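Please find the structures below.
Both complexes shown next keep subunit A, but they swap its partner, so subunit B is in the first and subunit C is in the second.
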Partner chain A sequence: MAGFKAAFIIEAIKLLKKKKIIAAAILSIFAVVIGQIAVTAIKHGLGLRVAGSTEFPFLVLSIFSYTILPLFATFVAIDMFSGEFSSNTMKITLTRPVSRFGVFSAKVLNLALFICSNLVFVMILSLLAGFLFNMSSVSLLGFVRVVLSYMATFFPVFVFSLLVVLLSNLLRGGLAVFFLAIIAFIAFNFLDIVFSSYSSFFITSMFDWYTLWISESINVYKILRQVLIMLGCGIMLFTAGYYLFDRKDI
Partner chain B sequence: MKLSKKGITALSFTLGACLFVSTAFADTLLGSGYDQLKGSAKNTASQMEKGLDSYTIEALYALKDNGQTLYEESNTNKFDAQKQASENTSVTQVSSGNTTTNYSYTDQKHSIWKNGTDDKYYVTEFPEDEVRGKMFASPFNAKGAPEIEKIVDALVGNLKDYVQAEERADGGRVYSGSLSEAQVPAVVNAVSSFGIKQMINEQGRMQRDAKMPEIESDIFVKKVVGTAAENKSGLLENVTGEVILSGKDKNGTQHDLTLNIVLKLSNIGNTKITMPDLTGANVENVTDSGGFSSKFVGKYKNNIITEKDGKFIKIGERNLEITSMDKDKVTGKYHETVKPGFEAEYGDKYNFTFEYNPKRSNSMSTFTYTNSKGEQENGQLYPGGSGKIYLELNIKMIDSNSYQSNNQQYYDGEFSRVFED
Partner chain C sequence: MHKAIEITELTKVYSNGRGISNMNLTIDQGDIFGFLGPNGAGKTTAMKVMAGLMRPDRGDVKIFGASVIDDYVNAMKHVGCIIETAESYPYLSANENLKLFARFYPHVDQKRIDECLEITGLLKYKNEKSRKFSLGMKQRLGVAAAILSKPKLLILDEPLNGLDVEGIIEMRKLIKQLVHESGTTFFISSHLIHDVELTCTRIGVVYGGQLINVDYTHNILSNYSSLENYFISEVDRNGRV
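Up next, the complex of A and B:
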């Protein structure tokens, strides 16, 4: 798969050249700094310890996984597909000696890489902030839990971004895809509240599934079911996205 | 056989869809331990409301600071649906070691109450025809409960799976769950820590003898543990909960505040309630006329105040006289006097006699009187402590539970007793 490797590297370089990466990094730093300021202010003002050193990354994750991360994953996914189609640079990509499947999977893999690196970036930042401000409450178990939950959060967010990939292959305009993705995100969250017993059908309800990984008694069957749901949903969205990408006329 | 590209696409899409839908359905059907626990809590509450003949509920609350008891309360409630009787004994112990015992008994005709400080039974007798409220009302049937339930469900989110259900050999079930510091959501942690901190501060002010630690910094919820046991008929029999809150006082000493809650449902169907034997006991009969008793007969007055040139001035007096006080019947007179020169400013004066029949069943009972124009208006009368009476005039009933009052300016409704030396 020499062609795939080349396509992957090209996509990665294209992604790195985007200003959005810098925007995502800056916003992530902001989120961590503001979070730490809030926690410190509450600690000194009200005397409450909202988050210790290893709890701070969880606090950041619970907000980050519902805001900046899915938002930027959506931006990147739209840029990769709708953006290239509308600026007609997709032609250049597709005329290379790589199959369309190769191009599609290279793009999706880069999307995954982006989500992953954004998570790792925020994890390191928040761990550092947590350690710096709360030296007293450091534990190895806490550290392992942080790494585990950031890793776990990757999967539901990736599945959600596959949905955005599908949408951006379905519709032409990038703006329309963006709004549709936002509406889908809000609708899933809303439906999750109204039909809480059917929450397994809404992928956004799994954005906080990392809580399952860090519980005292790990519920293996529940985790397995969630994994299967995400796997099924992921396969479905990936194939549908590829089907549309494959049939698209340039 | 070689599958076409289209074939592979269709196959993998179908496979993914099947996997997704079937597991999601299975997940929905299996539910979580939280859902099962909620179901049995609902069932227990509705059975307690109607269905069970008699039962005993024991509740125990204990608050400890680093293992030292600060406050302990045990409550025993007995209910008998057939006799419409209930009995309640509660014992409270504070950190100084003082214990107080309260006892109460209620059936269709009597309400008996005794507190720990004076060895006296207070007895109230009810008229027989009165319809009494339910002894126990399920909180799940309260107004707005389904909406609150939805919000709570959404907030709990994936923490639902922290509740583990385990089948017992005798057909019952045991639920258990625990949350440690990292798992308690930050918002819940902050709000509950703050609430408990406020509560502790308030308690410390109210009870000087309570040795509440003055926790000031680094407050957080350290651990939340809970268990619940369900018997084979689906009733929750034993519920325990423990919350540990940690913090430091101003000297930097670490304090672990532990709140323990134990709830037990027992003696289902064979709880016996007997009325306490009052022969030879110290008994005080409390009349049932909205808190009024014969000691309220007498004269009361309230000043008519107005503001003029930046000063409060008295322009007259409102006079209330309670002439007689019988069971369920209060009669009296009311008139207003205004100093000459202020009559035009004050407007119409009231001067009437009234008869008031307070009813226990209706907290909003009123009396009617005629104003100076000959119109009928409604008023309300409440007894107050230390010889005071509260009177509200010219009120409009909106429905059986609410009213609108049209008070004059600077009228507080408080009438002080006029004592003749």
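Up next, the complex of A and C:
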């Protein structure tokens, strides 16, 4: 346990020291600012109301969850595994008194924290932007729905990043993992359209499952089914990723 | 005498047929063991298995009684190592790198970090990012990281790589000092045979993935004029032209 704690802190410090986290933050700010400018321009130019104060974060989330968030989660996952394997820095941690399971879990937990903090950051930004530009439509229920939808978005993105972790332990090059992750992302979205009845099995189709949580009538069974599918996929991907990581010769 | 390392029937063969097979070796506490062999003989493979970076096909390595396969955390508790190359995080300074490594050892504080930087001659560069370091400086940082926790066993694969003459002499001194003051055990592989002769108390020669001979340095030197002659004769005897 002591080894895990040390590995977890080390991974967190490494993540904070890298430029990717700054790039993710800057791009997130850009996304929110550009979104708000577009909404305001349409409102004043064409007279159309696109989004109110608590609706704006949903608009941001619908774009953010399919672009910047999975992209940077992929970058971070590749960096944590493929990047460290190719730069030979993986052995720094692996030759310390900590089990491989401890190192793997510490990395995955940090990946989860990255996704979580990125979502929280964008949520706060979009809420602030929404409140500033559309003060009139503020409501507590709206705020709760925003928090709930951002929280819900974490799970599918995290499961997708576990797929990237698996690929990072399967393939040698980071670039190959990146392209394969992109192909998987596109393929899942395509398959989601073609085989819509099986869409729950294509994890990217669940990036917008937050809509289930905030709809007028909540479909508990559908939510439960999605949760179980995500949980199953998550456990399988984590286990497969760890199996490869544990067997890897450095 | 307590055993620091016990290697039993260690086998690891790569798809190209190289590797190590049926290696048996025991290192006593306080030994400075020199691991010699030509390129591709299996030195690094053996060291990687010892450090847990590779899984053997067969056999086991016990460090202070704990198996690196079944009880890795306890086996590595008192081990410091440099395997193949001394690595550090390039985007961190020397001090930050050591601070990160120190998180695995609760007893290591800033004073000890400064001490290690001082020993390896890096104290004045402690706030410089390691990406700006020369090969020798990176090697020194690797040595600082290896000795940081005051380990009872140091596994060093080519520790003199990239070091200048001054660095080599300091390294030699450091090894002897650690053995003398703390009874540290060393397992060293090096191509610099003269330095091995001057530093190591016991020598093992590995060739074609097999440990072909193990003897004490003073025994070797009583029969051969130098370690180099012994090494050449051992390798020739085992079929190398």
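Following the convention adopted for this analysis, the second predicted complex is superposed on the first by the 250 of 250 C-alpha atoms of A that agree within 3 Å, B and C clash if a C-alpha of one lies under 4 Å from a C-alpha of the other, contacts with A are read in each partner's own complex, and residues count from 1 in each chain.
The rule we apply is simple: contacts are C-beta pairs under 8 Å (C-beta built on N, C-alpha and C of every residue); 3 or more make two chains touch, one makes a residue touch a chain.
Keep in mind it's a predicted model, so treat the numbers as computed, not measured.
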item: Per-residue contact with subunit A, leading partner among subunit C and subunit B; value: B
item: Touched partner set for A:225, first subunit B, second subunit C, both or neither; value: first
item: Which of subunit B and subunit C A:86 touches, first, second, both or neither; value: neither
item: Subunit B versus subunit C as contact partner of A:97, first or second or both or neither; value: second
item: Partner chain(s) touched by A:10 [first = subunit B, second = subunit C, both, neither]; value: second
item: Partner chain in contact with A:249 - subunit B first, subunit C second, else both or neither; value: second
item: Intersection of the subunit A residues that touch subunit B with those that touch subunit C; value: none
item: Of subunit A, residues touching subunit B in the complex; value: 42-43, 46-52, 54-55, 58-59, 62, 142, 145, 192-194, 196-198, 200-201, 205-206, 208-209, 211-212, 214-217, 219, 222, 225-226, 228-229, 231-240, 242-243, 246
item: Subunit C-touching residues of subunit A, taken from the complex the two chains share; value: 2-3, 6-7, 9-10, 13-14, 17-18, 87-89, 91-92, 94-100, 247, 249-250
item: Subunit A-facing residues of subunit C, complex; value: 48, 51-55, 72-74, 76-77, 79, 81, 83-85, 87-89, 91-92, 100-101, 103-104, 106, 145
item: In the complex with subunit A, residue positions of subunit B that touch it; value: 5, 9, 12-13, 15-28, 30-32, 35, 150-151, 153-154, 157-159, 161-162, 164, 178-183, 185-186, 189-190, 193-194, 197, 215-220, 247
